[in-house]
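As written, the chains take the letters A, B, C and D, and residue 1 is the first residue of each chain.
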Amino acid sequence: MASKSIGIGLIGQKFMGRAHSNAWSQAAKFFDLPVGARLAVVSARDRKELGAFAQRFGWAKSTPKWESLADDPDVDLVDIGTPNHLHAEQALRMLEAGKHVACEKPLARTLAEARVLRDAAAAAGRKVKTFVWHNYRRAPAIGLAWNLMREGRLGKIFHVRARYLQSWGSKSTPMSWRYSAATAGSGAHGDLNAHLVDLTRFLMGEAIVDIHGAVAPTFVTSRAVPGTKRRERCDVDDAALFLATFEGGAVASFEATRLAEGHLNDNTVEINGERGSLRWSLEDMNVLEWCDAEAPPRLRGWTKILATSAGNHPYAAAWWPDGHIIGYEHGFTNMAADILRVLGGKKPELPLPDFADAYETCRVLEAALLSAKHRCAVAMNDVP
Amino acid sequence: MASKSIGIGLIGQKFMGRAHSNAWSQAAKFFDLPVGARLAVVSARDRKELGAFAQRFGWAKSTPKWESLADDPDVDLVDIGTPNHLHAEQALRMLEAGKHVACEKPLARTLAEARVLRDAAAAAGRKVKTFVWHNYRRAPAIGLAWNLMREGRLGKIFHVRARYLQSWGSKSTPMSWRYSAATAGSGAHGDLNAHLVDLTRFLMGEAIVDIHGAVAPTFVTSRAVPGTKRRERCDVDDAALFLATFEGGAVASFEATRLAEGHLNDNTVEINGERGSLRWSLEDMNVLEWCDAEAPPRLRGWTKILATSAGNHPYAAAWWPDGHIIGYEHGFTNMAADILRVLGGKKPELPLPDFADAYETCRVLEAALLSAKHRCAVAMNDVP
Amino acid sequence: MASKSIGIGLIGQKFMGRAHSNAWSQAAKFFDLPVGARLAVVSARDRKELGAFAQRFGWAKSTPKWESLADDPDVDLVDIGTPNHLHAEQALRMLEAGKHVACEKPLARTLAEARVLRDAAAAAGRKVKTFVWHNYRRAPAIGLAWNLMREGRLGKIFHVRARYLQSWGSKSTPMSWRYSAATAGSGAHGDLNAHLVDLTRFLMGEAIVDIHGAVAPTFVTSRAVPGTKRRERCDVDDAALFLATFEGGAVASFEATRLAEGHLNDNTVEINGERGSLRWSLEDMNVLEWCDAEAPPRLRGWTKILATSAGNHPYAAAWWPDGHIIGYEHGFTNMAADILRVLGGKKPELPLPDFADAYETCRVLEAALLSAKHRCAVAMNDVP
Amino acid sequence: MASKSIGIGLIGQKFMGRAHSNAWSQAAKFFDLPVGARLAVVSARDRKELGAFAQRFGWAKSTPKWESLADDPDVDLVDIGTPNHLHAEQALRMLEAGKHVACEKPLARTLAEARVLRDAAAAAGRKVKTFVWHNYRRAPAIGLAWNLMREGRLGKIFHVRARYLQSWGSKSTPMSWRYSAATAGSGAHGDLNAHLVDLTRFLMGEAIVDIHGAVAPTFVTSRAVPGTKRRERCDVDDAALFLATFEGGAVASFEATRLAEGHLNDNTVEINGERGSLRWSLEDMNVLEWCDAEAPPRLRGWTKILATSAGNHPYAAAWWPDGHIIGYEHGFTNMAADILRVLGGKKPELPLPDFADAYETCRVLEAALLSAKHRCAVAMNDVP
């Protein structure tokens, strides 16, 4: 066990608050780390719930004032698990205070906000580290994919196919911060395409250089406000699709939606190269499918690899024997472990996205939205 | 057995020649039809092979002159299974001669050609029937999907997701008519997206009204000419992707490629609606996946239906007991049966595409290519 | 095309009559064969249907008297597609007449009957060939599996797991010849385990030497007789399971049933060896799943091979381009082609089962039934 | 959070020690429980590792003497995660001391041992609770299956098909306690069939009444002893298969093996009933496949249900939003929560196995081994 430890200050106690709390408390149980994590303080607006939450997950202190984390000497890293519109203000404040910051994705509502954060991180100097919780990078199956791509096992890449399909956005779903541009920035686009853009940029190790078109419909234009008889306007996309080109020439398609019945949390990425293809799907996240295009033709096909093998698949050694799968939350724990490695002066198992990196993801998202808004669609009317 | 019969004149003896010959000879063995098919005459350029081909498949006559079919009194319907650049000339000649015409897809190389054919078919009058071999409409699983959509079982449609992925187009594949615009019109686009556009238009029963962007790269720009030391330029797309909107507001993505290792013949279509979703894949063509969004939540998910049940799935009664699958060629046989029904004055099991319908498919393909060519892509350089 | 041809006399016009008729007429269209098949005469009891059947499938003559085939000089091979209780009498008569015989499976109702047939085939001499329609041996994916096993790619075999699950045998299914021992011999056992025993013996290339226990329940003990108000007793098994050992030490489990909802025609065979495993399933019959135990651990898993590649997968060259699947009936066509090769003095693509071979399969089935009947089950009551 | 808490004393720090430690520390973070768990003391033989282990997982004390837990007033429940040969001695000692006991499976090496434990548990009185870690009962998908069966949704059951296939037992795997009867009792049988028998008895809610045959081969008869040049004899089964009948007439097949390449941890259970079928597989443990035999035939098939929905699937509410999967270890956490509910006077979400229940599972395992040993196999030699 590490003797030194990093004091964590968490903001947020909802879905992400739970996932992050769990990650910080699990990391040192399963990984050998140069430094541990101390659950120093948790902050959240809802005072009524906060005490119980802090006790449940073992946070030493709790406070409704997130600003206080900036001055708290127990806090080395501030972990931001709040809605998107709070990221910028909170992260800026903490960077100014010299704290490391780990922020939920998307980094910001808009590219302008993301740029401010990127610049603030740069200004804070090399001693201050930033991280963005693109947790799916940490699935062992994705780690295997990343390794294969680094080794050139796919050869020249022709196609990237990425989609994140969910189905919780029907017209009966009530209004929430996620349906308002003021709080969320965008809808499925910033929420789900953010994951896809990060994941494909990470795997490809290349920039996206062109957007070839986009469409971002809002299917449900108003929703009931819980506890009232009012409906509010939804001004974000329910779905967002765009086509793009990577630097090396690969064409890519992205699709995010909350209205695809049959898909609960279907983040699926496929890459086709000259020497092989690979495919990964979050709903079956322990599996990497791999097609070796250099296998003898009679034996060629998709191989379903259960990426649970210690020594063979990244992060797997920390968990259970081969064939014993891990779940959603382990991506956060694996990432917490890598953050602690970095803060302890070691290398992470796989590269971590910082604010500069997440800014690039936001830049692609913004360009796609621009393409959808100022679109030059060909109307079929124009084609006789 | 039918006492009357339709005299078939086939042009082509390659892949499609074999598939069509088989379809015409199998149809009356498995279906009860108002009229039979007489294999009257087959025409093809390669005289050396033609005799054996005709004998093998039971064609009564053979000729290297396709034009002669126009005047042959034994021929009621001319079936065109030649490369794309021959469709227009051959079909026009036969329509003028008053023959029914069944033409391979895509109907034509260009929209201009397709328009001529559409107009010629209209001019030929109602007694002359035209058909286009969009054979995948005839898979029983697609028939079930079509029925479900007609019944409104999917409700309002949000998403159409169509892709046709193959992998035979690597740089080692030699030059052929398929890689030249002069003979093929386009590459993967006309070959594969033609299927997808037809299939989704058929299932949706709606027009495509907008194209939101497209990209159609040529990854391999020259290929070796077989039997020579020359290479020739490839001036068609290796892949073509585009985004579109259907009349009712559903957004759609289309992708065709010949460079997706792991996919041999993967024509996959998925539709997501308010009340349910469905999915079909050619490599496992007997299966329809169906998600009933109105099932109790605890039992909701994708149901894998093996569409082989007589009385329950279109065309299935003609074949084998439940659970005994059919293959690729059966789509043609089912379509030949439907053509013979129409020519015998009966209704087909499912609607058949004629030249006017195939023209609409060509119109979408052309608009997508236009979008790819005169594109207003957002370059990432423009996004600071 | 072959100039010589084999005159076929078929007995039966139901399910198997259709499948065999199709196979004989398709074989020479798709394969290059040393001899062709002439559809000389078809025989069946139901005169009313027989004429139309003969015309539909192109049989030159038809007769309600199957015995007449024995003396018909147009007939070289008699193809028996009748219920099980007729196999022995019909096959014996034709062997005595010096005809080649291709008999449906199971070869006979009982081992005693099978023995008589085996001996009669031996007595008929080497010029008279016998065949049994274990058609699943002819799936290209099974052919690939057979090749892999012959090459030792699985190494020492530990496990054979075979099951044939159907679901048409509920209590509402009416009485038929399949539910009576007098006509069928046994139930799911002879119908379905016959396929499994043949297939696993074929793949393993080894004898089964021990039966370790069996159970063969009759869940539905009487059924309504169609067109009457009577019910008749069902005296055959609805399901039959047994455990066995192959000569080389592999342990095997067999299960056949007509009462497994969710399974329509699920003939699944898996083999696990020291160097690899393979798995095949009839409902997805174009696929072979293969696990190479010598692949690097990080890439190890099941590879899904679509066995449709000409030159790489047996029989595939006769059909369509890669990725275009074949169906149930093609097993019969592939087998008809192999029979015609053998009768034309050539080697079949894969070994064909003759009466002696099918007798060995019957011997295993009989031993399993014996084990089920004279069982020495351990009752839980005996275990305190 | 619960104010009262149960003091846990754990024996074992290997695979199960880690899984149980995690479960006790996670339970109260994710579930609302009437009592919490205090990680009071951990005991294990290897002193060198013990301190670090205790610190890592937050155990208050540690001791190499497991016996001391019996007298430790901080300990309310002793959790036994040791090799099989230690279960009996340790559990007996703790029951005598009046501690609750949660013991790893299989409960004991032999039926005789299991009987002693069952009787000791009974003698300890109703205030002392016993539990056996048949953790797979706690997968939400299994909970859904259990609910469906309780509601009669499958109707009369015909078939139970259970297999647990692993592949870590090749000849290169070194000797360990798992390969010796003295320490393990049996091999794959007690290790893996124990899970299957428990799981199927749990789902069926019925006793197994007959064993119809069994085979339990040892394929690898000696193994290298690590750190030496010696080999030791393996006197347990590498695989164990048996056939059985449940009280209500369903026939069942069981198979356990460590020599099935391609399967890492494949615990698969399928049940076929008159009204429907269900299937579950540990490697994809969040999924329940369900076939509703009363669905309209055209829509009938296997539905793949991702059992992650709060309110709809047992235990799911404790974890993440729908579509965010859980992993292997969560079965233990869910079970720890249910144990704490029981000790806090509440009902568990699903029934928990106690020593009396686990004894019944051992009884089936023993009967199967008896059947394999005193087998009355039919040798094929006896069948002429």
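In the analysis below, a residue touches a chain if its C-beta (ideal position, glycine included) is under 8 Å from a C-beta of that chain, and two chains touch if they have at least 3 such contacts.
A quick note: this is a predicted structure, and the numbers were derived from the prediction, not measured.
Colleague: Enter the minimum step count from subunit A to subunit C; a value of 1 means the two chains touch.
Modeller: 1
Colleague: What's the chain with its C-alpha centre farthest out from subunit A?
Modeller: Greatest centre separation from subunit A goes to chain C.
Colleague: Centroid of subunit A to centroid of subunit B, CA atoms only: how many Å?
Modeller: One centre to the other, that is 40 Å.
Colleague: In angstrom, rounded to a whole number, how far apart do the mean CA points of subunit B and subunit C lie?
Modeller: A distance of 35 Å separates the two centres.
Colleague: Where does subunit A touch two or more other chains at once, residue-wise?
Modeller: Within subunit A, the residues that touch at least two other chains are 263, 301-302, 306.
Colleague: State the interface residues of subunit D toward subunit C in the complex, per the touch definition above.
Modeller: Residue positions touching the partner: 111, 115, 158-159, 161, 163, 165, 167, 170-171, 207-215, 217, 219, 238-239, 241-243, 245, 249, 251, 253, 255, 257, 259-263, 272-277, 279, 289, 291, 293, 301-302, 363-364, 366-368, 370-372, 375-384.
Colleague: List the residues on subunit C that touch subunit A in their complex, please.
Modeller: 144, 290, 292, 295-307, 309, 311-313
Colleague: Using the touch rule from the top, collect the residues of subunit D that touch subunit A in their complex.
Modeller: 1, 15, 19, 21-22, 25, 28-29, 52, 55-57, 166, 168, 263-266, 282-286, 306, 308, 319-330
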